[in-house]
Amino acid sequence: SLPLMLFGGMNVLESRELALEVAETYVDVTRRLGMPYVFKASFDKANRSSIHSFRGPGLETGLAWLAEIKARYGVPVITDVHEPWQAAPAAEVADVIQLPAFLARQTDLVVAMARTGAVINIKKPQFLAPHEMRHIIAKCREAGNERVILCERGSSFGYNNLVVDMLGFGDMKQTGHPVFFDVTHSLQRPGGRADSADGRRAQVAELARAGVAVGLAGLFLEAHPDPDNARCDGPCALPLDRLEPFLAQLKALDELVKGFAPLSIT
Amino acid sequence: SLPLMLFGGMNVLESRELALEVAETYVDVTRRLGMPYVFKASFDKANRSSIHSFRGPGLETGLAWLAEIKARYGVPVITDVHEPWQAAPAAEVADVIQLPAFLARQTDLVVAMARTGAVINIKKPQFLAPHEMRHIIAKCREAGNERVILCERGSSFGYNNLVVDMLGFGDMKQTGHPVFFDVTHSLQRPGGRADSADGRRAQVAELARAGVAVGLAGLFLEAHPDPDNARCDGPCALPLDRLEPFLAQLKALDELVKGFAPLSIT
Amino acid sequence: SLPLMLFGGMNVLESRELALEVAETYVDVTRRLGMPYVFKASFDKANRSSIHSFRGPGLETGLAWLAEIKARYGVPVITDVHEPWQAAPAAEVADVIQLPAFLARQTDLVVAMARTGAVINIKKPQFLAPHEMRHIIAKCREAGNERVILCERGSSFGYNNLVVDMLGFGDMKQTGHPVFFDVTHSLQRPGGRADSADGRRAQVAELARAGVAVGLAGLFLEAHPDPDNARCDGPCALPLDRLEPFLAQLKALDELVKGFAPLSIT
Amino acid sequence: SLPLMLFGGMNVLESRELALEVAETYVDVTRRLGMPYVFKASFDKANRSSIHSFRGPGLETGLAWLAEIKARYGVPVITDVHEPWQAAPAAEVADVIQLPAFLARQTDLVVAMARTGAVINIKKPQFLAPHEMRHIIAKCREAGNERVILCERGSSFGYNNLVVDMLGFGDMKQTGHPVFFDVTHSLQRPGGRADSADGRRAQVAELARAGVAVGLAGLFLEAHPDPDNARCDGPCALPLDRLEPFLAQLKALDELVKGFAPLSIT
């Protein structure tokens, strides 16, 4: 197995300066740890709870910032797209383009993304069983793209709560595609605040450890230098100054688990 | 309370001839029953499980057929939109435009729909608590449109199953907006067939009765002359030849329930 | 179909006087309405959240009070049992003995109850699918008793919440046994108060109507003259002075629904 | 933190010989690994799906076999009790007595068990939120016993499925009591076979790793030399010949995780 890859960054591109600061921290930490790394940030948050919520710099500016980060730090980047017309321009800059969970069933968007030839990171919808991901993979394949990653981010568990089904990782691995784990969004408490989701970032380490111990291709993570003042999903964000010890532990865990002999239990 | 209104029709516009046949049946039946009626059909099924699934005639042709039905039978029409650019042309023909459940959090789509001035039918996402619908209503209001209808269509209940929370109707009524019940989609078994959802249409009458007995503004229903050969969601569709007795029973139930004195239990 | 039967009473036998008051009200109301009626109360609440919660008068005193009610008002009675040794004495007084939801899988209890020959009311566990009730029915049958009633009381829906699956009634009817609906316990919010369950009694009428509209053999109901001061499950109890209008509406609904011609949708 | 303890054994005491064989294997393996160990087996399976299911040797014989294992191998033993009168005799032999999940709210049973002074292992009911375990702890404390262990075994997730909420371990640790993880029962598919639960034993290693990575006091495990012919819960049982590599991996994982510095994320 390959070592754990990190799709890590920030939720939304709050400003060019902050994006550079966050990217530099991730790059430094992952280089010290020898961890394969892709910088993640969104140019637009298209599904906030409130119309007044901050959405980001938009496609053009956002992609320019991502291109700058890519050039300056020599790292691949990943960003998410929300409408079919955004797929091609996003894929000109981004190495991986991400299909949002709520949109993962929209055929036109899936096809437009697949046709770019970029790697597609499919967030598993909160309402979808792990084995149903094969339908979305099939759509990509039929559009000519088999470079697909599957990414867990929690399942609806009653109202206003998510649960991560650790057995779902194994179900998704059966597809043969790499399986990632978006640990920070899985900490969401949907509808938990007056006009946005709440989150349980104090438990980010234990949830990440659980997932990595199952044996994953990669981790998806959002961090922020000041989570309480982040403009989106701060309640789920890892404090940026905790990044290095957090990742160092997960790296050790990943190495241990991937060194285990298969047990072949049938 | 006003009498039960029907948003009734077919899933996808399979052909002009079939649409006319279905519309004529609904119009005849609802006129005989004295039931306020809006014809429903989709011009595009944008989120089918498979890329090979039938999607419909597309925006232009579909709207032309809806316009013909509207003119020929003198009934309002409702159709669903999937991308912001579709909202304005759809609202030129449709009296009610529908926000799909999976897309109900997409701010650009909500705003584009609200700005048309049409009535908006918001399908409650399978992953959203009833009281969270207020966020989507607020987005519409802030875009200048308060003519909003809320429509239940089931909540995720584990994998591959939906449940209708009858107490959620009351939670949604607290918003002051009319509450409808999409009974046929609530019968879905997501992922229940090899490449599409299964459904439980044999139970459509009992589920519809349960919802109508709570006291609703309206019912949303899809029917088909040959459900086993419908091109989408046939497993949930009411056989068209059962429409009149089905609706006659619900009308009687609605009249009884709306005649009840309030019980004021606190 | 037979008319709706009522298993109605109070949660726990708080005192002899209160039990008589409650029974008399139910008897009067159901006689005026012509509704078949069985008085329900518990002699022991064996699974309260707190050790300090009121539990009731115990088996001997409780059964004496039930016998008095039975004799005085000429009505059958139902009560619940929690351990195998209680089944026989309970069945000497009670016409129907009830298997609690949490205990519905305990073989010794089921067998002891079945062997009394009394009618058994099986509460569906919150963790059990409707079609799984056949296993409990089979245990009764193998112990020689086929006089079994199935009673819905809500399914776990995430943490601290229940949902009533209206399609589950139909699944349970497939067994051929009468299906009842415990509407007041279905209103529970488990763990909703500091040391007990909360409830949503303001919504009792809409939930009861939904269930009765499906077509049921009977309703299970708890009421109290002063729900805010009830010693158990007050948050779910119907105020006793609302009993008559509440039941009158359900009776009208039941008569309407049972008069409907079958629709035979396959 | 103390090293991971194992409550390990077999589901039901199928025979004296098999119990000895299983116990000997566990004892040998855990001694080689230096893992604290308690032998687990049930003398009675009181809540099987079918009345014809094998239940075990009963209290007297079962306790005799447990006493023999305890004496022969010098290990503590744990067994589960189902009715209050069983608590005292069970506690004469067993060092830990276990409160079954379905029965965890039965006050008389909890109190009878607590009064024995034995350590109590409380299985978390499938219908209970992790933070609600405090009510059961309080019952034990008020009965004079604070030697309580909390044990996760999955939560109801729709019908016929369980999910393990990895964040629930942290919620339960807040109580200050040791938290264990019953990994084999968490693999159940309730109602998955014609007359019993199905299970997913092929995934036992990944689920166990996920839990142990969170940081646990102990693991609960059932194994069998021939799972396909086990008399209860074979679909969930670890093949006994896989025990040593399975535990060796978990031990390494536990040591790694317990060596991590706390991250203090707030």
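Should a chain be cited, it is by its letter among A, B, C and D, assigned in written order, with residues numbered from 1 in that chain.
Here, a residue touches a chain if its C-beta (ideal position, glycine included) is under 8 Å from a C-beta of that chain, and two chains touch if they have at least 3 such contacts.
Computed from a predicted model, the values in this text were never measured in an experiment.
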Chains contacting each of chain A and chain B, listed by label: C, D
Self-contact between copies chain B and chain C, residue sets same or different by half: same
Label of the chain whose CA centroid is most distant from the centroid of chain C: A
Whole-Å gap separating chain A and chain C, where each centre is the average of the chain's CA atoms: 48
Centre-of-Cα separation between chain D and chain A, whole angstrom: 35
Centre-to-centre distance between chain D and chain C (centres being mean Cα positions), rounded to whole Å: 33
Chain D, residues touching no fewer than two other chains: 155, 157, 159-160
In the complex, chain B residues that touch chain A: 46-52, 55, 82-84, 102-103, 105-108, 110-111, 125-132, 135, 138-139, 142-143, 155-156, 159-160, 190-191, 195
Complex interface listing, chain B residues touching chain D: 157-161
Chain C - residues contacting chain B, complex: 155, 157, 163-167, 169-170, 187, 200-207, 209-215, 238-239, 242, 245-246, 249, 252-253, 256-257, 260-261, 263-266
